[in-house]
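After this come two complexes, each holding chain A, first together with chain B and then together with chain C.
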Partner chain A sequence: MAVKIPNSIDELPTSSPRFIGHRVKRVEDTGLVTGRTEFIDNVSMTGMLHCAILRSPIAHAKIEKIDVSAALDLPGVVAVVTGEDAAKWSHPAASSPDGWGTYCLPADKVRFVGEPVAAVAATSRYIAEDALELIEIEYEPLDVVSDPVAAMEDGSPLVIEERGSNVMLQRVFNWGDTDAAFAAADHVFSEKFRWNRLGANPIETYGCISEWDPTELGITVRGAFQSPSHMALGRAMTFGLPSNKVRMIAHPHGGSFGGKGGVRGTDVSLLLSRKTGGRPIKWIEDRMEYLAAGGSQAWDRRYEFSIAVTNDGIVTGLKVKLVDDIGANGEGFGAISAAKPLAAFTGPYTIGAAQYDLSLVATNKAPASPYRGMGPPPHNFALEQMMDIAARSLGIDTAEFRRRNFIPKDAFPYIIPSGNEYDSGDYEAVLDKVLALSEYEKLREEQKLAREQGRLVGIGVASAIEPGVFDWNAYAVVGVQGTGVPEGATVSIDILGKVMVRVGFALEGQGQYTLVTQLVADYFGLEMEDVSVTMLDTASAPPAFGPGGSRLGVAITGAVLGACDRIRVKMCKVVAGLMQTEPENIQLMDGVFGIPGVSEAQMPMAQVAGTMLGASHLLPPDVDPRPEATHVWTAAGRTPVDEEGRTKSYLTAAHAVHIVLLEIDPDTGMVEIQKYVLVDDCGTRLNPATVEGQTQGSVAQGIGAALLEEYVYDEDGQLLTSTYMDYLLPTIHDVPALVMGEVVTPSPFSPLGAKGCGEGAIHTTPAAVMCAINDALVPLGTRANEVPAAPNRLWKLIHTARENTSSD
Partner chain B sequence: MATMKTVRMKVNGVTHESEVEPRTTLVDFLRGPLALTGTHVGCEHGVCGACTILVDGRTARSCLMLAVQADGAEITTVEGLATPEGLHPIQQAFIEEHGLQCGFCTPGFLMSLVELLSENPDPSDAEIKDVLGGQICRCTGYQSILKSVHSAIAKLRTAGVAAQPPLA
Partner chain C sequence: MKPPPFEYEAPTTIQEVVALLQQHDGEAKILAGGQSLMPLLNMRFARPTALIDLGRMTDLDYIREENGAIAIGAMTTKRSVERSDLVKSRQPLLHASTTWIAHPQIRNRGTVGGSMAQADPAAEYPAVAVALDAEFVIAGPDGQRSVAASDFFITYLTTALKENEVLTEIRVPVLPERTGWSIQEVARRHGDFAMVGAVAILGLAGGSCESARVVLFGVGATPQRATSVEQALIGQAASEALFATAAEKAAEGLEDTISDVHASAEYRRHLAQVLTRRALAEAAERA
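Here is the complex of A and B:
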């Protein structure tokens, strides 16, 4: 019998859910506020050594010679590894695109500042770092290429010689007859945009404790893994091990946002463990290592956007040209960020034809990694600027312009030109609500007054889709294989009716253990305290990926409800046997199994579990006596890509409209956000408090992206923003209070109708802030097309524009 | 091996005396030999505030202090906030108002607030922001933290207790 996973909260076996859909307290929090949660750096093991990594100070150079003898002589130093060891014991890392991985320690040359070249294992981190200073390396500098456009030219220095070019991938996708749409258009608007590198920056860096087992010839790594199974597979490939000899034990971690990284450090520490005969090696990345070479850097983009528009303000075609600077190799899988925009290429709009001219380019910079949103935020930023450019030129209000182009609510499910299917939505309702909440008309009047006083006040209205529940097929165009992303959970009920749920991912911040607890408690009519959640390592967990691509809330809901349903079916059989009826006659409701309407034929779930585990003589003959089940969920209906890269990839499409009011100080170029209002629709809200938390945190990251955050390299490939004094994260002063509202159109396809919402506002916030900045700049006749719109950039724009007007 | 120095300090009411290398940072000393791993390290260069503790009742960034500089000091870390009877009101407020997500920054926020609320039981938003401007949280966007602070203020007022745990 097929497993039944409810598509709405009403279908849960409870007359009134007490936890799902409610703002419940998180089960994770007591450990965290008391400092007891076991982050990886809290762990010590017998015989453990500490690793420190020596990194290249040069962006591109041949390694002529490495002398580690003095380091080895230092008391406390146990081993040193270099590129020779990596070549002997490992393979180049897996990469996207395929074939662009390198060794974790290169033997021949370094390709970016911060690239590991040697590493020490010692009895303390202090000694290990002392030893790094004793390693002598002779470099012969090579020409550096730090500009991706120059890197594409013939004769450019090559980052990876064997590839014969720095172009990792170049492809033009055509979806529909874009040229015809442009030829028929009343207006064509084109603009160039620059999105500078930024990145995840969780407050905990990456860390791990790596062990090589010389008897089993396998490895065990404890660490801050966002996706333990994915790390395990990668390590098996890198070390040429059977995948069943690789065990990853994930620890709770202090955020990830896609950019936890850790691959190189893990591999380097594994080499050290092997060299020391299997001692556990702890490697804790420090912040400067994270900034220079961790999973930190993402989205270094040069865009050209064109849209075709009718006189009525209908956008009929979209052309996007992207040169994406991926850095020194493909090991960070930053390339998937260029593929994900296909899942929502034309945003919430009916644009019927689109073209994507994509180049991924290698340069002598840190390898690009994913970051929350995984690529669409820069795309949305540019698309939303284009919408405003067109609206202004046609004299249409920017909110109204979007309304005219929205996919209508009766058109769902709706397939966009790039192939993905949007599940449901009511975009106009979202817009109407945010316009009302923000008192949009009044804002425009205030703006008019401010402009009359010469103040630079702007209003941004931006709308975007958040694709939810990623599938590997979304990244097929950059060489990632597979369809489906299985997520499993095991629900186990003990003899007293208490529940343990085993999952394959660790705490990361999104409150997923709370969600699991809510689901099981409501399903079986329990209190939340009756449900515990624990994490299994990759050797014992069911197939699992963990958080990423706004998937886990939906996926773990599917897994847990599937497992609960399997238990329900077993229990119905047991109860039917005891009540001498057929299982179809037994119903579970509010934690009690029984024949509906027959008050003497009712059995609480705990009694059923107790019977299964402690009264075998009462059980019907063919029943499985374990009140336990595992379910592995993956989104249905996903397909491999077609020849143009089209596929149903992300299962859900959440939607949001943000409205921002801000003022630019012309004397300083500083932006003050005065009002921030948003309405979103992410389907059923399983825990509204955590949804809000994800949204607020994501707005903050979006504001950081729009105004503050940037990795700056000079032309020699030197990173100039190597500390938090230079790489600016938003503080409490930078993030405004939010006014938030919601519209709920449940997904027809997902467990309980929820839509992925973990990435949230970052899809929309940078676009909204930049729309507002450009709105503020209208009276000056200039535009900000570069992100972040840092004060120096805005000041320069404003002053150049003023000089131009005064000299006219 | 550098000459070792003897340091003596009272941490969460317990006196410790140990030999340390003079270069050992205070946070490494607390997290290592004293096994007080609730104080976290986010940057080791004084910006993120994750390592914030109280030294003689004043907040300090334990990544920027050496253990030897704390010789003779009384120190409170996050482990010193809860009692066997229960959580500190500020901890409770953070749980109730969802003032944390990954929780890695949280101990630093809590310690900063213990100092602020013990000196000023009724701070304005501007005063709260002034103090928390030195703590970075990458997850929450700070709104829920502000709410948590307001809830903590109310809790402390109702209970009629001072924010700072008494120095034993």
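Here is the complex of A and C:
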């Protein structure tokens, strides 16, 4: 019998859900606020040594000589590793695209500032860092390539010589007859955009404790892994080990947002463990290491956008040219951020034809990593600016312009030109609600008055899709293999009817353990306290990926409900045996198994579990006596890519419209956000408080992207923003209180109708803030096409525009 | 991010501090809150042989009025200054400037003396000290001496303090009657060091500018007096137009204007004018 996973909350075996769909308190928080949660840096092991990594101060140089003798002589130092050890014991890291990985410690040359070149294991981190100063390296500097456009030219210095070019991937995708759409258009609008490098900044950096087992010839690593199973496969490949000899034990960690890369540090510390005969090696990435060379940097993009528009304001075609600066290698998998926009290339609009001219380029900068949103936020920023440019040119209100182009609610499921399928939505309802909540007409009136006073007040209206529940096939175009991302959970009920759920991912902040608890409690009619969630390592967990790609909430719901259903089926058999009827006649409702309507034929779940584990003589033959089941969920209906890169990839498509009111001080270029209103539709809200939290946080990150965050490199490849003095994260002063509303269009495809919502507002916020800035600049006849819109940039635009006006 | 080895000293008297400074022959650093020094140590940018922690010098933690000035012990935290009723009522510019400094957590630890001796050119306190003609009381092997604010800040992160001297007190005169003040700054985020800041002190008599002091910070190696702005104001009838004209001179005389990832020199020079105009207008309102 097929496992039954409810598509809506109404189908759960409860007459009235008490937890799912309610704002329940998170089960994770007691440990966090009392300091009991065990982060990796709190862990100490017998014989453990501390690792410090020596990093290149030069962006591109040959390594002529490394002398570690003085470092080895320092009391407390146990071992030093260099590129020689990496070449002996490991392989270049896996990468996207394939073949762009390098050794964790290079023997020949360094390719970016911050690249590890040697590492020390010592009895304390202090001594290890002292020892780094005693390692002597002779570098022969090479020409640096820090500009991706220059890097594509013939004769450019090569980042990885063996590849023969810095172009990692170049491809033009055509979906539909784009040229015909442009030829037939009444108007064509084109613009260039620059999205500067920014990235994930979790409150905890990466850390691990690595152990090489010299007898079993295997490795065990404890650490802050976002995806332990994925990390384990990578380590097996890097160290040439059978995958069953690699065990990763994930610890709770302080956020990730894609920034828990840690591949280099893990591999370096594993080399040190091997060199010390298997001693545990702790490596805690410090913040400067993180900023310069961790999973910190993403999306360094130069865009050219063109749209074809009819006189009625209907966008019929989209052309996008992207040069994406991936940095010194492909080990950070930053390339997949250029593939993900395919999952929502044309946004929430009916644009029928699109072209994507994509170049991924290597430069002497830190390798690009994933970041919350995984690539679409810059794409959405540019697309939404184009929508505004067209709307203004045609004299159509920017909100109305979007309405005209929305995919209508009766058109779902809807396949976009780049191949992905949107499950459901009601975009006009979302727009109507946000217009009402923001009192949009009134805002426009206020803006009119402000403009008459010469003030630069702007209103941004932006709309975007958040693809939810990622699938590997979404990244096939940059060389990632596979279809389906399995997520498993094991639900075990003990003899007293209490439940333990075992999952394959660690706490990261998004509240999935709470979600698991809600699901099981409602399914079996229990209290939240009756359900515990624990994490298994990669040696014992069911197949699992963990959080990522707005996926885990939906996926773990599928896994847990699947496991619950399998237990329900078993228990129905047991109860049917006891009641001398057929299993089909037994129903679970509100935690009680029985024959509907027969009051004497009812058995609480705990009693069924107690019978299975403590009264075997009562069990019918051929019944598995364990009140336990594992279910591995994967999204149905996913398709392999076709020759144009099209695929059904992300299972769900959440939608949001944001409205921002802001004012620019023309004398300083400073931006003040005065009002932020948003309405989103992520289907069924499994825990509305968590959805709100995810939204609030992702708005903050979106504001950071629009106004503050930028990794700046100079032409020598030196990072100029190497601390939080200069890499500016938004603080509570920079993030306004939000006015939030919701529309709920359940997904027809997902467990309980929920849509992925973890990435959330970062898909929309940068676009909305930049739309508002450009709206404010309209009276000056200038535009801001570069993100972040830092005050010096805005002032320069305003100053230049004013000078041009006064000289006219 | 671990510091190299250093010795740690925790003296309790000024004499001990001076003796320790001499003993370490210019290689020791004074720890007075640690809000700048600790990161520099951890990044191994600062490599002292010893840290002399003034944390136990409780007799350097005071705020009192003496002879027409507010005397502040060097180890007084910024938070104490911020919360001091005496400072609020008698030297409101000092109070207001304190609220611009970083965040409460940092003001809880950072000290007035630490900030002055660090002499960051984008910090508020040095600029306010120059604007108010504060006096710096310094202890050394030969006893005590005092230095005017205008002579205290030499260049970027460098003061008139000798290697064997320690700052013990800052004396900030209270403002005369009919004198208004203002502090304005532009920073990327609230609490960041200023890209540019301006302090204005304006004395009015019969609607005319009797005295004027304008100091800019974040533009050069030390807080900079905008003397040409001051000169353009003296004896003139206070008005928005006057302030606008005078403020145009704010960038005059600025040497080696800082240029960095957040603000070009051109932008900073422009901000100097904008903030000077705004500061003068606000100071005039308060006069």
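Simple rule for what comes next: the second predicted complex is superposed on the first by the 808 of 808 C-alpha atoms of A that agree within 3 Å, B and C clash if a C-alpha of one lies under 4 Å from a C-alpha of the other, contacts with A are read in each partner's own complex, and residues count from 1 in each chain.
One rule holds in what follows: a contact is a pair of C-beta atoms (placed from the backbone, for glycine too) under 8 Å apart; a residue touches a chain by one contact, two chains touch by 3 or more.
From a predicted model like this one, the values you see are computed outputs, not experimental measurements.
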Touching partner for A:R287 - first (chain B), second (chain C), both, neither: both
Which partner reaches more residues of chain A (counting touched residues only), chain B or chain C: B
Contacts of A:K442 with chain B and chain C, given as first, second, both or neither: neither
Touching partner for A:H617 - first (chain B), second (chain C), both, neither: neither
Contacts of A:L720 with chain B and chain C, given as first, second, both or neither: second
Chain B versus chain C as contact partner of A:T731, first or second or both or neither: both
Partner chain(s) touched by A:A790 [first = chain B, second = chain C, both, neither]: second
A:K65 touches, of chain B and chain C: first, second, both or neither? neither
Common ground on chain A, meaning residues reached by chain C in one complex and by chain B in the other: 126, 286-288, 723, 725, 731, 733
Contacting residues of chain A [partner chain C, same complex]: 125-126, 129-130, 133, 286-288, 667-670, 708, 710, 712, 720-721, 723, 725-726, 728, 730-731, 733-734, 790-792, 795-796, 799
Chain B-touching residues of chain A, taken from the complex the two chains share: 25-26, 28-37, 39, 41-42, 75, 126, 201-205, 252-255, 257, 286-288, 507-511, 689-690, 692-693, 696-701, 723-725, 729, 731-733, 735, 737-738
Chain C - residues contacting chain A, complex: 1-5, 39, 43-44, 186, 188-193, 195, 260-264, 267, 270-271, 274
Contact set on chain B toward chain A in their complex: 1, 21, 23-24, 31, 36-45, 47-48, 50, 77-79, 81-82, 87, 91, 94-96, 98, 100-107, 110, 129, 132-146
